[in-house]
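Pasting the structures here.
Both complexes shown next keep subunit A, but they swap its partner, so subunit B is in the first and subunit C is in the second.
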Partner chain A sequence: MSLAAEAFVSQIAAAEPWPENATLYQPLKEDQILLSDSASSLAVQTFLRMCGLPVLVSCRANAEYMSPSGKVPFIHVGNQVVSELGPIVQFTKAKGHALSDGLDDVQRAEMKAYMELVNNMLLTAELYIQWCDDYTATEISRPRYSNPYSWPLNHVLAYQKQWEIRRKMNAIGWSGKNLEQVYEDVSQCCQALSQRLGTQPYFFNKQPTELDALVFGHLFTILTTQLTSDELAEKVKSYSNLLSFCHRIEQTYFKEHEREGQFGSSRHSKSSLP
Partner chain B sequence: MAAPLELFCWKGDYGLPSVDIDCLTVLAYAKFAGAPLKVHKITNPWRSPTGTLPALKTREEGSISQPSKIIIHLRKQKYNADYDLSAKEGADTLAFVSLLEEKLLPALVYTLWIDSKNYVDVTRGWYAENIPFPLNFLLPNRMHSQQLEKLRLVRGDAVLEPGEQLEKELCRDAFECMTLLSQRLGSQKFFFGESPSSLDAYVFAHLAPLLKIKLPNGKLQQHLNSLNNLQQYCSNILDLYFPSDAREAPGHKIHVQPHSGDFDNEPHKRRNQILSVLFAVGAMLGYAIFTGIVKIKRERPQLNNSSHHVEDEDDED
Partner chain C sequence: MGTVHARSVDSYPMYGRDMGVNTDDMEMMEAVQETKQEVLENKNVVVQHVNIEGLGRTKEDYLGYEISDVFTARNLVEVMRKSHEARQRLLRLGIFKDVEVVIDISEGANALPNGLDVTFEVTELKRLTGSYNTMVGNNEGSMVLGIKLPNIIGRGEKLTFQFSYGTKETSYGMSFFKPQSGYYERNFTLNLYKVTGQFPWSSLKETDRGVSTELSFPLWMTDHTLKWEGVWRELGCLARSASFAVREESGHTLKSALSHTMVVDTRNSAILPQRGALLRLNQELAGYTGGDASFLKEDVELQLNKPFIWGSVLSASLWGGMLFPLGRQPSSIADRFYLGGPTSVRGFGMYSIGPQSEGDYLGGEAYWAGGLHLYTPLPFRSNKGGLADLFKTHFFLNAGNLCNLNYGEGPRAHLQKLAECIRWSYGAGIMLRLGNIARLELNYCFPMGVQSGDRICDGVQFGAGIRFL
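Up next, the complex of A and B:
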């Protein structure tokens, strides 16, 4: 959105309270959604729960195309549509709900930096494993991505997405990496997060922030998603404070609301943490 | 220690040791870590061992081109500027480098390569002047489309429209990033205390071009100038670690005098041009005489030659 439009939207947003029928759209959970999208969606859901804002999750096959920026998830609140965690955080801030107000300048700088770390390394690694690893792409990503469509559209869309992601990896210099190096990068990223978390309950001590939501979204999804190999989950599991961090957030924000679990069970994901 | 490693990088200008961000990162890190590098400042990327710049030529592992890989290699050779960092500071380094790459770099690329005024006036002009003939017709445009494509892919858009809206979005992210860096730096000399680390190399490399290269459309520059501690920080590093480059007269459109230590082709460029022009003129003249378009009249004293000449002409007709 341009700056003027954003200011306008913020004003409108501030005028209305959070409605009861706010909806979050994501691809189909059982058959279609992939690891990276699932992680992003969970991060947004966690953030909204941390703010205490109710949201209904709606699964649509064409969620990616409905989104204003082409990325999932996106939320439909009142008469506005906002996609991706960054803009959603700003949108909720305009409505008066913010998690990071208590941070000072240095902490806010660190929070933003660590969020970019997750986006830069963890999300990119997820995309790489899904689309640039031939085995995973053939067995999991392409069939799932094109599941709602019939032949020949399913092949066209799946390959188109794969080529796009591979070109992106090329542009940022990840195409020269092999799978081992990517796992190593994930490990480094987790180590950095683990160092920053230390023994605190949340990244910025007592209060959860959007960084906690983002990290939880990605780590929980990695831990509970079955891929062709378990190595990614193993890398995360080797950091015990990250594991207990995920447990804690799951207990606090998801178990107390719904007994049957937000995540349900599907062939793709396990229902709770191992 | 082993023979010094060789680094190929873009030439410097405007008071900077190099005009390219990746090259600056590697040069700065090498200075901070005290790595003895033999630096070749060239203007022809096709002359580097990998075809792109920067490129580090090692004896054991071939040539490396990515700045992060080069830094890892230098660390393996025991040139480690991050030796004194605690584990948390190491984690912070990773995080802030990601912040730079996600938020500041797209805006930088836009400002230098995609914004039409800046690209035409400054960037393309510099590269066209400095890359040797005939690549200077080919490479700047190719680099321009590469950067455009890279920006589009990184943003994940289907199509990228350079214009005010895109510029505003990128600038907003970049302003926020610079403000955050300024807040993190505070009044310290370097990000982690008194001695510089790899994070300082990355931050310096991304901010120094903004500081030194005068651009017609300079929104990012204005914001950087309003952040005094970052400005001071960059000037500090330039004065401390690159004093010889900082002393060069800044300003655009410098014609570089060939230094004795330079490895580029400047001294031969003029000679090659004159030779090629002479060759072309000679070839045209020869063809003209050969086919009879131009006839050379011989004077009478060369009587024998003229009879030969007539026979030649008869043969040709």
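Up next, the complex of A and C:
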């Protein structure tokens, strides 16, 4: 589709109200989804809840391939398909639902910078631990990723994914790092977030933004997911204001709606915060 | 045999093949001159030796079956006829560039007075042949490299590689073919491939990587093929605007299927036949040997041809098929049937009949299609032969239907479903035969019974293909 056509379609989309049957697609919650995808999916769900936009969550084994960008989660709204948090934020904005409208230009730039930090550090660290740590890859990532597929396709797809991520790590210079260095990066990232948050309820004081959704998505998933070692969760736990931030968002946006169900519980996860 | 063999090997590079054959030919002529009188008196001859000259890598035992019949000849006419048949059999193996027959009287200590020696002088195909093509079409250019290794081990085995490097997609194929010694029609094929297809009528892109083994054999009047195929299929949307129904089918699946095909073909030509019938029955069972897809698929094709007045031919064909999903899973978009287009129900868009979603055709689990044709030679034709023989005019009447069945209902309900909303069309056109493999058609069509969602092609429609309704 040409840019003009795409712009036209988004104009049309803006005119339509948010439908009741908007659906979010993600991999199978019980047997398939991995930490990084689970975190991204939770971030999008949190963002939509913050906006007050209802969305049904549908788990599909082929969610990754259904997505137009090849990444999960994606939402199907009307006849539009939008994937990943950034484009989804743009899309809801076109429909008149935005969280960051109250921010000035400086704050908005700061918010974008912190979102980049989370994507570059936390998400990359999650991918590194999943696919570049051989023990985690063998014990958790490959078996779970390939769970819906039959032999020999399961091995082919899992190794293909692992190579793809490792190539990406090579390109960004992470392949030389060891696990300790990655944990250290996560710790630094958390420290930066913790300092920015301070004692405020949200990153930009009273008003939640997409940054809050993104940080909650990652931290909550890290805290509640059982990996081969607890070290990643321990790094996050040492920042008490981040812990209470996660508690607060969970209480406000999830516990009030329904106690169990929409998110967070996978086979190897602890059901609530420590 | 061994000595003859050795002689031929060193004589070829020295004098060249043609020289050798010419001298032998002259000898043969003399021999025939001498014995001719006796043969006409029905005097028996005995074929004492049958030699094959010019063999390099071909194993002699492989050819023994093909030429042994020559020994049974009892007079010269029979010797010539059987030698000719043996020559045809040798050429059919696809391992020789040329085969010549030399019949000579026997010489040497054991030679009988009425003994004959038959010598087949063969020229083997090169060990390796290559081809290089460029193809342009569908907004895509590609370069195709082909390598063929005929008779690689010496008993008719053939190994072929094809590699296509395109601006959008790369595909390759490798196939190994092995006939049974002495029974060429009974053969085994092993294929390894990756192919990519784009189906704009469904906004679908499919990449298949697979392996298949095939066993072909004739049985009485019929030809059978047993096949196992394991394919890793990757489906994706052709464009971002693809319908969600197609998007839902995206991803990887594994299909492992056993299939059986039976063909009876008595037609005099595969393209534009004058007489004869074709029956093709195909059945596929997927899922029994593993994989994600499980279904049973039946497909039948029937064609009858009959000469009619003034050199015209009347032809009727009927296609039908059904797909039964086994287990809980619904059938995949890649397995269902499609109908419509210039090669099936004319007057409708390519595969643009039946269930669809937002303009993307999803295919159906059951279909039938029938066609009635009257082929006539071009009018105002001055003489027989020449270019005009490649053209024919035809009048056609096509009908068909494609739908999904609810398998909970009985066969009565199925028949009713297939009988309602029938699409049909009629028209006339001219067609061109391309060799004996393909044909082109230019038709003027009147589509009828159009249902909402069907894409039609009212008026002139151009078609090219190898299989026609």
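Some observations on this one:
Basically, the second predicted complex is superposed on the first by the 265 of 274 C-alpha atoms of A that agree within 3 Å, B and C clash if a C-alpha of one lies under 4 Å from a C-alpha of the other, contacts with A are read in each partner's own complex, and residues count from 1 in each chain.
Heads up, the rule we're going with is that a residue touches a chain if its C-beta (ideal position, glycine included) is under 8 Å from a C-beta of that chain, and two chains touch if they have at least 3 such contacts.
Everything numeric in this text was worked out from a predicted model, so none of it was measured.
Aligning the two structures on subunit A places subunit B and subunit C next to each other without any clash. Looking at the superposition, the partner that touches the larger set of subunit A residues, subunit B or subunit C, turns out to be B.
Of the two partner chains, neither subunit B nor subunit C is touched by A:177.
In the superposition on chain A, A:195 makes contact with subunit B only, not with subunit C.
Of the two partner chains placed by superposition, A:97 touches none, neither subunit B nor subunit C.
In the superposition on chain A, A:62 contacts subunit C only, with no contact to subunit B. Seen from the C-alpha centre of subunit A, the directions to the centres of subunit B and subunit C diverge by 80°, a value given as a multiple of 10 for the model superposed on chain A.
Once the two complexes are laid over each other on the shared chain, residue contacts for A:113 go to subunit B alone; subunit C is not touched.
Within the superposed three-chain model, A:151 lies in touch with subunit C and out of touch with subunit B [touch as defined at top].
Contact with subunit C, but none with subunit B, is seen for A:79 once the two complexes are overlaid on the shared chain. This overlay, made by fitting chain A, leaves subunit B and subunit C with a least C-alpha separation of 10 Å.
The intersection of subunit A residues touching subunit B with those touching subunit C, taken from the two complexes, comprises 1. By the touch rule above, subunit A contacts subunit C in their complex via residues 1, 60-62, 64-66, 68, 76, 79, 81, 149-151, 153, 156-157. Against subunit A, in their complex, subunit C makes its touches with residues 232, 234-237, 239-241, 244, 247-248, 250-254, 290-292, 358. Residues 66, 87-88, 90-92, 94-96, 98-99, 101-103, 149-150, 153-154, 156-158, 164-165, 168-169, 172, 176, 180-181, 183-184, 186 of subunit B are the ones touching subunit A in the complex.
Within the complex formed with subunit B, the residues of subunit A that make contact are 1-3, 69-71, 105-106, 108-110, 112-114, 116-117, 119-121, 164, 167-168, 171-173, 176, 188-189, 191-193, 195-196, 198.
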